[in-house]
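Labels run A, B, C and D following the written order; every chain starts at residue 1.
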Amino acid sequence: MRYITAGESHGPKLTAVIEGIPAGLTLTAEKINADLARRQQGYGRGNRMKIEHDQVEIISGVRHQKTLGSPITLQVTNHDYAHWTDIMSPTAEATAENSIRQVTKPRPGHADLVGGQKYQQRDLRNVLERSSARETTMRVAVGSVCQQLLAAIGVEVLGFVQQLGGISADPAKLPELGDLATLRAATEDSDIRTYDADAAAKIRELIDATKKAGDTLGGVVEVVATNLPAGLGSYISTETKLDAKLAQAIVSINAFKGVEFGDGFGLAAHPGSEDMDEILYTPERGFYRGSNHLGGFEGGMTNGEPIIVKGVMKPIPTLYKPLNSVDIATKQAYKANVERSDTTAVPAAAVVAEAMVAITLAQAVLEKFDADALSRLQAQVAAYRKELAAY
Amino acid sequence: MRYITAGESHGPKLTAVIEGIPAGLTLTAEKINADLARRQQGYGRGNRMKIEHDQVEIISGVRHQKTLGSPITLQVTNHDYAHWTDIMSPTAEATAENSIRQVTKPRPGHADLVGGQKYQQRDLRNVLERSSARETTMRVAVGSVCQQLLAAIGVEVLGFVQQLGGISADPAKLPELGDLATLRAATEDSDIRTYDADAAAKIRELIDATKKAGDTLGGVVEVVATNLPAGLGSYISTETKLDAKLAQAIVSINAFKGVEFGDGFGLAAHPGSEDMDEILYTPERGFYRGSNHLGGFEGGMTNGEPIIVKGVMKPIPTLYKPLNSVDIATKQAYKANVERSDTTAVPAAAVVAEAMVAITLAQAVLEKFDADALSRLQAQVAAYRKELAAY
Amino acid sequence: MRYITAGESHGPKLTAVIEGIPAGLTLTAEKINADLARRQQGYGRGNRMKIEHDQVEIISGVRHQKTLGSPITLQVTNHDYAHWTDIMSPTAEATAENSIRQVTKPRPGHADLVGGQKYQQRDLRNVLERSSARETTMRVAVGSVCQQLLAAIGVEVLGFVQQLGGISADPAKLPELGDLATLRAATEDSDIRTYDADAAAKIRELIDATKKAGDTLGGVVEVVATNLPAGLGSYISTETKLDAKLAQAIVSINAFKGVEFGDGFGLAAHPGSEDMDEILYTPERGFYRGSNHLGGFEGGMTNGEPIIVKGVMKPIPTLYKPLNSVDIATKQAYKANVERSDTTAVPAAAVVAEAMVAITLAQAVLEKFDADALSRLQAQVAAYRKELAAY
Amino acid sequence: MRYITAGESHGPKLTAVIEGIPAGLTLTAEKINADLARRQQGYGRGNRMKIEHDQVEIISGVRHQKTLGSPITLQVTNHDYAHWTDIMSPTAEATAENSIRQVTKPRPGHADLVGGQKYQQRDLRNVLERSSARETTMRVAVGSVCQQLLAAIGVEVLGFVQQLGGISADPAKLPELGDLATLRAATEDSDIRTYDADAAAKIRELIDATKKAGDTLGGVVEVVATNLPAGLGSYISTETKLDAKLAQAIVSINAFKGVEFGDGFGLAAHPGSEDMDEILYTPERGFYRGSNHLGGFEGGMTNGEPIIVKGVMKPIPTLYKPLNSVDIATKQAYKANVERSDTTAVPAAAVVAEAMVAITLAQAVLEKFDADALSRLQAQVAAYRKELAAY
């Protein structure tokens, strides 16, 4: 399975094409729209998010709510484009009128300056329109399709906020993972997208104070995935390790600067004897682990325990507090301007991270099992689970 | 540029083939052997490392010390194979005699159990021979070739230990990066492979105590790369972000459970105003940043500042302290046995991480510039640097 | 550079997304529409082609007629969809009303039967909607973008008909290739898309007679590409040979069953002394060849001579003459029905083949040279041409 | 499954590494050596072939004759290297003594000149050592492994000579394909590697005469593969068509200039009604075709009929008859010299083509079915065949 996303932040439409989803999967716009809405929520967002309600159109690859096996095209219209028709027109020639809102002042911490250098642009709008986090809309749409596929083989994926601005949800309050229903209910209810209501209250206060100060906040998101069979990914080479692919997927999200599995960086500080996941066995369960410090991976392979991935998002580098930068046209120093105004986007980023995990896991499943027809895939997965249980 | 590594831990030889290194690069076994030796050092290793002295043979792709542009084959003989000739023979039929040393007791935290399930093995030796960290030998060899390529365009890469068993080197003591000469000298001199002699002393003590306790230690390694031109990688898609590729490369190393760039997970705890890398300009230097919280990446692209990547290695999950596991043949619980005896391999892992960063950066360079002939590559890089300076 | 196409024959829209076209290329819908129109012409087509006038919409990746370096989305609306809205609806649930026009009778020579087996479909419409040659519309659109890129470095590509139904254009009448202007004018003027007016007249008669007989015709198309620098592709491995990639591109076209380069299969029948392209040199031209039996390739690399590729298209396997097949629902034999009515599509296929060659050559160019910014690409190509001339 | 080959014609060793062969396959050097020997036979070869007897060493990925799932390293020693140790040394510095046998005279029709330009070589030995057909040795070794895998699911592949120097084997004499046993026996017995003894006799005479005349001969090889299940490959995109991948594989062979499937280029000359493969059905056989004009492919997918691929090999462009060329050092015209002396290599090329088909089919099988463990793969294939039979 492979996919491409396309589209500029203020262009006419965002597009994704997904190739390699099996035929026979029930797919509706409603579920995708629900995930798009989840991405648009969260305490601490500015105004733009509130006015847009992203709606997906399914353009190909689906007929009567069933996938065909052929490439699936998803599209989301940018309602904002109405106000940018001339400025962002693909087809109109450049004129003085439609070249207003040129950007020559690169914002620190954004792709603006390097993008301008790499692509030889003097109007940095030509960079920021694509490097914008608006692009993650289509990742969420693709991820939603992948979640529906994974659900068809009993795999659940859920992203939430573990830490925001230095305030952590208390791991002791994390509900049993099981089928993720409790955790899902708790985090969906929360505008911080966390399971710990006390932490959420403190985070809300911090966001309010930070907003007042014209500052921004980053955080740590966590994604869990349950019920994956052991043996996805492989130790045999650099390219086949599934945790490594997840690491790429997470760090590829705008503003993400790190990723860890299970206890992650915490593993550096304890002796090994405190961090081991012992192997247990009962005839009913087959092999399982006594704990999950390793976040569901051994040797780059799923080991049957829940996958636990965390990613860190830096604070949005667009502040009301001015930052030093230099105009690319005049070479004059200036104080960086503000184009948008979220105080934090970490709750939304949890939804994006969830999507990236779902995409990567779906790719691993489709690589190991039949990718042509859903019921054949399901039969193979069932046979494999049975085989594992009898090992 | 792509490569494959092959070989079992006690098999006859380890092999790597690299395709796509430009013609005209001077390449000698000496430099590769020096890097292989660096990987074999480090305080806290057991006995095996001391007796082996890995030596590379260059089998193809090089003539009279110059690369030809054709695939380069590197090979390292496993001296141990002399003692395993029958047991590991590729060509002898299985007999009672050569099937001794069968492994049916999977070690927690290793690939043993899942590997056995996935590949339908009842002798887990068939898994652990490949999942062993012995495989990283060839990554270091490939990385050494890549470092020689990068050096030809002025790029330096260096890996070292930042933290071990919870004891950190003091960032305030980190030498100015510059051309990495000072930092290189300091870390090469250290059997902990760190620049902070005080921390090293404490770490040595901790290793001694841990060894005595039959326990193991993990840690955090750091890799820096200097003098890369801005604009490698791209924001335009998930697959083109270079930091994301580095994340995959680091997490693909045996026992690595996380990766971060620049301030990494620390970015979650500070308001944005404290973590921004302001943009500055002088006619002499062109554009540069006032700090490097982001570790050399903006929008998934190099920004011209040094690349700073850190990876966390879990403690080696093979303890003298017994761990619970279950025999796959008898389904009886047992206390896991010890096959090797390093207390920590973090100093060696720093060399492996350095190699993975070098490989990934070389791939990015060869993707953007001519990959056929070294002097053409150098000319293009020089022209590009000039163009960036004039932006 | 990579791309994906999507869309069903009677679905709402066809889509293509192209990633990796350099920034700064002038791109307009007009040129793409002109190529789409070329694909819709040709003597011997049925009625459907006459009523549709494909028009491309550029949805992303282009602003004010200049590429941005970000993914380019192209879309063509299927006007027919108006008549198929219910039957092909992605989002409506299946009902008795919208499930009419179900196909259970696989046509010989089409993907229908195998597609149904592979994707577990009982309504073969779910296969034929994607396996239809309608899909080639987007290849032509992508190819048109690639041709505009190639033109910016002086490379021209042109496809035409060499043989149709056994009647060949006379190679002796082929105009000098040069900049392809004469050949282009001649073939664009011809509704058979060939340069030999006498052959065209005979072909027209054959088509008329064949149509009357309810039969169909195949043929051979030829694509030439001029002014490519020597050294694209490489001999170093299976995957790096550029002629092999072109072979894949050509055979991937619907109904194409073979491909050859230069004298192709004719080379089997002559002794080597008659087929050699001798190497010549003048200070003005540098190295060149005295002939072009090899079609512009030596060792899988362009050699600076024009590329000559030919592909064979089988007759359209949908006849008014009935063919034996078997209903998948009833298992009853029947005479295959006719869904469309072209007598031949070879002239259109020449345009598709031209597109596939353009795409493949553009990929080779962007792999060897800078793929970020057009003027940097042009500078590198110019420097390379100079280097070759001085070899 | 992916693989890399490496090695120079007179270098120390040739190497191949194959990643992704399932665990549990029985693999011995004997079968590979037998295929290597088949490649070295054939009427019309010069002396070099007679003295070398290629022997493979299995270096990794196999234990006690069973694959492990880890990368398989194969190596063949070049016995000639004994005479080239200094000249081809990877590690010795260049000196006057070891730089003899420098090549500055590019041979027409070879990669020499373009390779020199591309890789900036002034000694064309640095090109021809890799562009030599010696490289195909490792393709045959890899192909042999793939044939052993395919045999484990009942798929057979066989290559032979269909035409040589314009003399064709008579298709009417082609034995029934069935399990290929008769055809295999006939072609293995023939030093022309063809099933038609009369044609073979004439070809032998032609080779003798051609040799005397100092000339060379090309030809057409044919590869058949039987018992593949329907539905490998897909119509959904350019990249998923399996016949297109086979086309790439065949044209990637040294000196191959074209490929066709089934009736191939012959399809251009007949009306469609004469070339259709009607669909038939019996409860015992399920669906099948009444003929096989399309060579086993419909819509880029296997259709259950035997695969029929043909490739054309140009005459070896190294003649005793001198050819015009130009020295790259002096720019003086000269008559091209002879480095080797085969009159034809078409019988050997049939073995190489067989290997390339086997590799490509094995990749398709491993993409669709489990690639981890042989018995799981076999179970999935068996279930799939059953499903197809019940369609």
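Here is the rule we go by: contacts are C-beta pairs under 8 Å (C-beta built on N, C-alpha and C of every residue); 3 or more make two chains touch, one makes a residue touch a chain.
Bear in mind that the values here come from a model prediction, so they are computed numbers and not experimental data.
Q: How many degrees of rotation bring the Cα atoms of chain A onto the matching Cα atoms of chain B, given to the nearest 5?
A: The two chains, chain A and chain B, differ by a rotation of 180 degrees.
Q: Compared with chain B, which chain's mean CA position is the farthest off?
A: C
Q: What whole-Å value do you get for the distance between chain C and chain D if each is reduced to the mean of its CA atoms?
A: 27
Q: Need the CA-centroid distance for the pair chain A / chain C, whole Å please.
A: The computed centroid separation for chain A versus chain C comes out at 37 Å.
Q: What are the residues of chain C that contact at least two other chains?
A: Residues 4-5, 19, 69-71, 118, 130, 231, 234, 236-237, 372, 376, 387 of chain C each touch two or more of the other chains.
Q: Would you pull the chain A residues touching chain B in the complex into a rising list?
A: Residues in contact with chain B: 4-5, 106, 108-111, 113-118, 127, 130-131, 139, 163-166, 210, 213, 215-220, 230-231, 234-239, 241, 243-252, 254, 257-265, 267-273, 275-281, 283, 287, 289-290, 293-295, 298-304, 312-317, 319, 321, 323-326, 328, 331, 333, 356, 387-388, 391.
Q: Across the complex, what residues on chain A touch chain C?
A: 2-8, 11-15, 17, 19, 22-24, 28-29, 58-66, 68-73, 88-94, 98-99, 118-121, 126, 129-130, 372-373, 375-376
Q: Which of the residues in chain D come into contact with chain A in the complex?
A: Of all residues in chain D, those touching chain A are 19, 69-71, 231, 234, 236-237, 368-372, 376, 379-380, 383-384, 387.
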